[in-house]
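Just below is one structure, and these are the notes that go with it.
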Amino acid sequence: MSAPRIVYNEGYLDEQTKRVVRRALLKGVAIPGFQVPFASREVPMPRGWGTGGVQVTASVIGPEDTLKVIDQGADDTTNAVSIRAFFEKVAGAASTTRTDQATIIQTRHRIPETPLVENQILVYQVPIPEPLRMLEPRETETRRLHALEEYGLMYVKLYEDIAKYGHIARTYDYPVLVNGRYVMAPSPTPSFDNPKMHQSPALQLFGAGREKRIYAIPPYTDVESLGFEDYPFEPQRFDRPCEICGSTGVYLDEIIIDDRGGAMFACSDTDYCERTAQQRTEQQSTDTKEVTA
Amino acid sequence: MNDDRPLLSVTDAGHRYGDRFGCRNVSFDLWPGEVLAVVGESGSGKSTLLGILSQRLRVDEGSIRYRTARADGSGGREGSAEELLELSTLSEREVRRLWRTDWGFVHQNAAEGLRMHVSAGGNVGEPLMANGWRHYGQIRAKAEEWLRRVEIPAERIDDTPATFSGGMRQRVQIARNLVFEPRLVFMDEPTSGLDVSVQARLLDLIRSLVAELGLAVVIVTHDLAVARLISHRTLVMKDGAVIESGLTDRVLDDPQAAYTQLLVSSILQG
Amino acid sequence: MTYDMTHDLTHDMGTGMPPDTMLSVQDVRKTFTLHLQQSQRLPVLSGLTFDVPRGRCVVLGGESGSGKSTVMKMVYGNYGADSGRILLSHQGGVLDLVTAQPREVLAARRSTVGYVSQFLRAVPRVPALDVVAEPLVERGADREEARERAGVMLARLSIPERLWALPPATFSGGEQQRVNIARGFVTERPLLLLDEPTASLDARNRGVVIELIRERLAEGVGMLGIFHDADVREAVADATVDVHSFTAARQGSLA
């Protein structure tokens, strides 16, 4: 094979661009939950497919990093595999599917079930960064509302839910108050994962490529899901265990298994599921051995 | 009423569109509980005046002062620290606080004053939520109370204004504006565009709520009958200037200016 | 029964108000300028001077067109005056209605001066009971208590109870007039202006109105009235002011 015709800069983006993104990230970290505008660049994938997340990852990744990419909770979807391959190629970074071995995790929806630790970075791909968008379409006005801490409107949305459904029906992108100051959209993350954002030891970075916004939650920051005194936030719950690994208290996906509408419920976090199942098998074989012995 | 200081004090106020004045040399004081009608034909400057009073337009000349406590003062609404403050010196945050707590604006077109796809209850509850109410049951109870006061059937609380008639929309708008019990409400032709019978009902409602709450109101109207029914005092405007002002029934019964006499003589006798 | 209509200039120099007087009209001039008719100036009254003592009923006399209604409207504040003074005993002080600010005139109407005309001007949709109760509510009375007192007044004026919840706009002329009288008499304002209140009432209701007037007079209320009916006028008048003698046109022709 001949040498590649184009030599990409490390991390694909040029150094100037990475600096621009890093500056936005630093500002985001300094003002937790505040949406920082940035000059979103072209990356080799369509907008809306995680270009914001990719630019954030590209700006923080180095050859010594280990990257995990999940789409929903899975490491093996097309998008996740492509992004992982992309950074292996342009950043020389190692990749993994194991949460506990990753230094950077890029995600579209889920926060892994395995608790994150210090020095890990969780990068969210965000489609709509403005939590007030659906109620107030004018960007000039929503920015003013954030600046002046006028969040009555956000509660109107929650009020409407309770009036209509008897409870707050929102199960994803559930608005949070960060560090007691800015109301923030957690992107399409299920509300099940909201509590994991609170006081997380990991750094959480959010990139919205099409919308040209970056925001962040530094480690150990208060993240409070909004609610009323008499209708507080309640994360989604699943009453059953995963049918593959038997875990309880995890986020389950409904998987259609036949043409007759049969379905099973299994962990959406594939890495967690595989390792839990594996541990159980090992445990069982140890038990069996002990019994035999 | 027993306070010797006005709530709103306007002195020689004017606004310029390019090199032409939309209104000029307007002066008046407004006390709590007073309803002031601004009447005139299209182009008389009455809407421009409402614009500068409500800070939608810049005050190019003169001053508009409002009685309130400084943001840093501890006085609050009832506090002794209240003083007449020049509106143009207040910060945006301060002005918006006044819009949340002290002022209301009833638009001619309800769609400008309501969120048409949020329920009536949500529309009326929003000012409460904006002022920090965080108990759903209390917000809903207050919204119900106000919808009842503006004669909207309780079972419509979860319907959106988009499904309401023009008269009902205006009543929801009034409830939304009054639910936090402001001190000063601006109204821009609130009854025009409605059927005559609906108009009468709405005017009556406005009149009784204003009296009960002791509100100060500036209402802009081209309809002298509206001014007669609900206002205490009237300013007559023409070509951007106030040409006559005073007690409403004196302005209408004993008009001094030629233009006012013409306006009054043009009223259809009911 | 007469009393001195001219002014004793030795009275209270501070306010210009004679003692025990509700209303003192002093040297008032009124001209209408009709801009729509080549700015024609129409002098109506000049040198108008009279007092209304407490507990007395002063009647405005003079033929139709002499300006009796103009006098009433100036005293109530609907009309301005060109010059002179219209002094009103108001809340322990004296208010000159010629120079008073609009809000002072409003305060005077709320607590001191009541107006009963033959025409009812009420908001279309309000029930009769509330039309009558409104002046009490405006003065801070409890709404239910105000309605109760309004009901008593309506009953006295023979408005059947089944009509109380209906807006007076749907009533006959006589009924509307009685609602208006009830509204005027329901409060205890110390000066009442009666503008032909009995015009078109039957004898029985005229009698009730005379009774109401006498009760109020006995309580010390001052009244200024225009009465079309000679029998009512004779029943209640303590003194008569001949408005015609202050008619500007007449004075002009005499000069």
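The first chain written gets the first letter, and so on, giving A, B and C; residue counts start at 1 in each chain.
The criterion applied here is as follows: a contact is a pair of C-beta atoms (placed from the backbone, for glycine too) under 8 Å apart; a residue touches a chain by one contact, two chains touch by 3 or more.
Chain-to-protein mapping (UniProt): A = Alpha-D-ribose 1-methylphosphonate 5-phosphate C-P lyase; B = Putative phosphonate transport system ATP-binding protein.
Predicted model only: the values in this text are computed from it and were never measured.
Listing every chain that touches subunit B and subunit C alike gives an empty result.
Of all chains, A has its CA centroid at the greatest distance from the CA centroid of subunit C.
Located most centrally within the structure is B, per distance between chain CA means and the overall CA mean.
Computed from the mean C-alpha positions, the centre of subunit B lies at a distance of 32 Å from the centre of subunit C.
Remark: subunit A and subunit B have CA centroids separated by 47 Å (rounded to whole angstrom). Our note on geometry: subunit A versus subunit C, Cα centroid distance of 78 Å, whole angstroms. Note for the complex: subunit A touches subunit B at residues 135, 144, 148, 150, 152-153, 155-156, 159-160, 162-164, 228-231.
Per the touch definition, subunit B reaches subunit A in the complex via residues 92-93, 96, 100, 115, 118-119, 121-122, 125-131, 134-137, 139-140, 157-158. Against subunit B, the residues of subunit C that register as touching in their complex are 32-36, 39, 73, 77-80, 102-103, 105-107, 123-126, 137-138. On subunit B, the positions that touch subunit C within their shared complex are 1, 31, 34, 200-201, 203-204, 207-208, 211, 229, 232-233, 246-247, 249-250, 253-254, 256-258, 261-262, 265.
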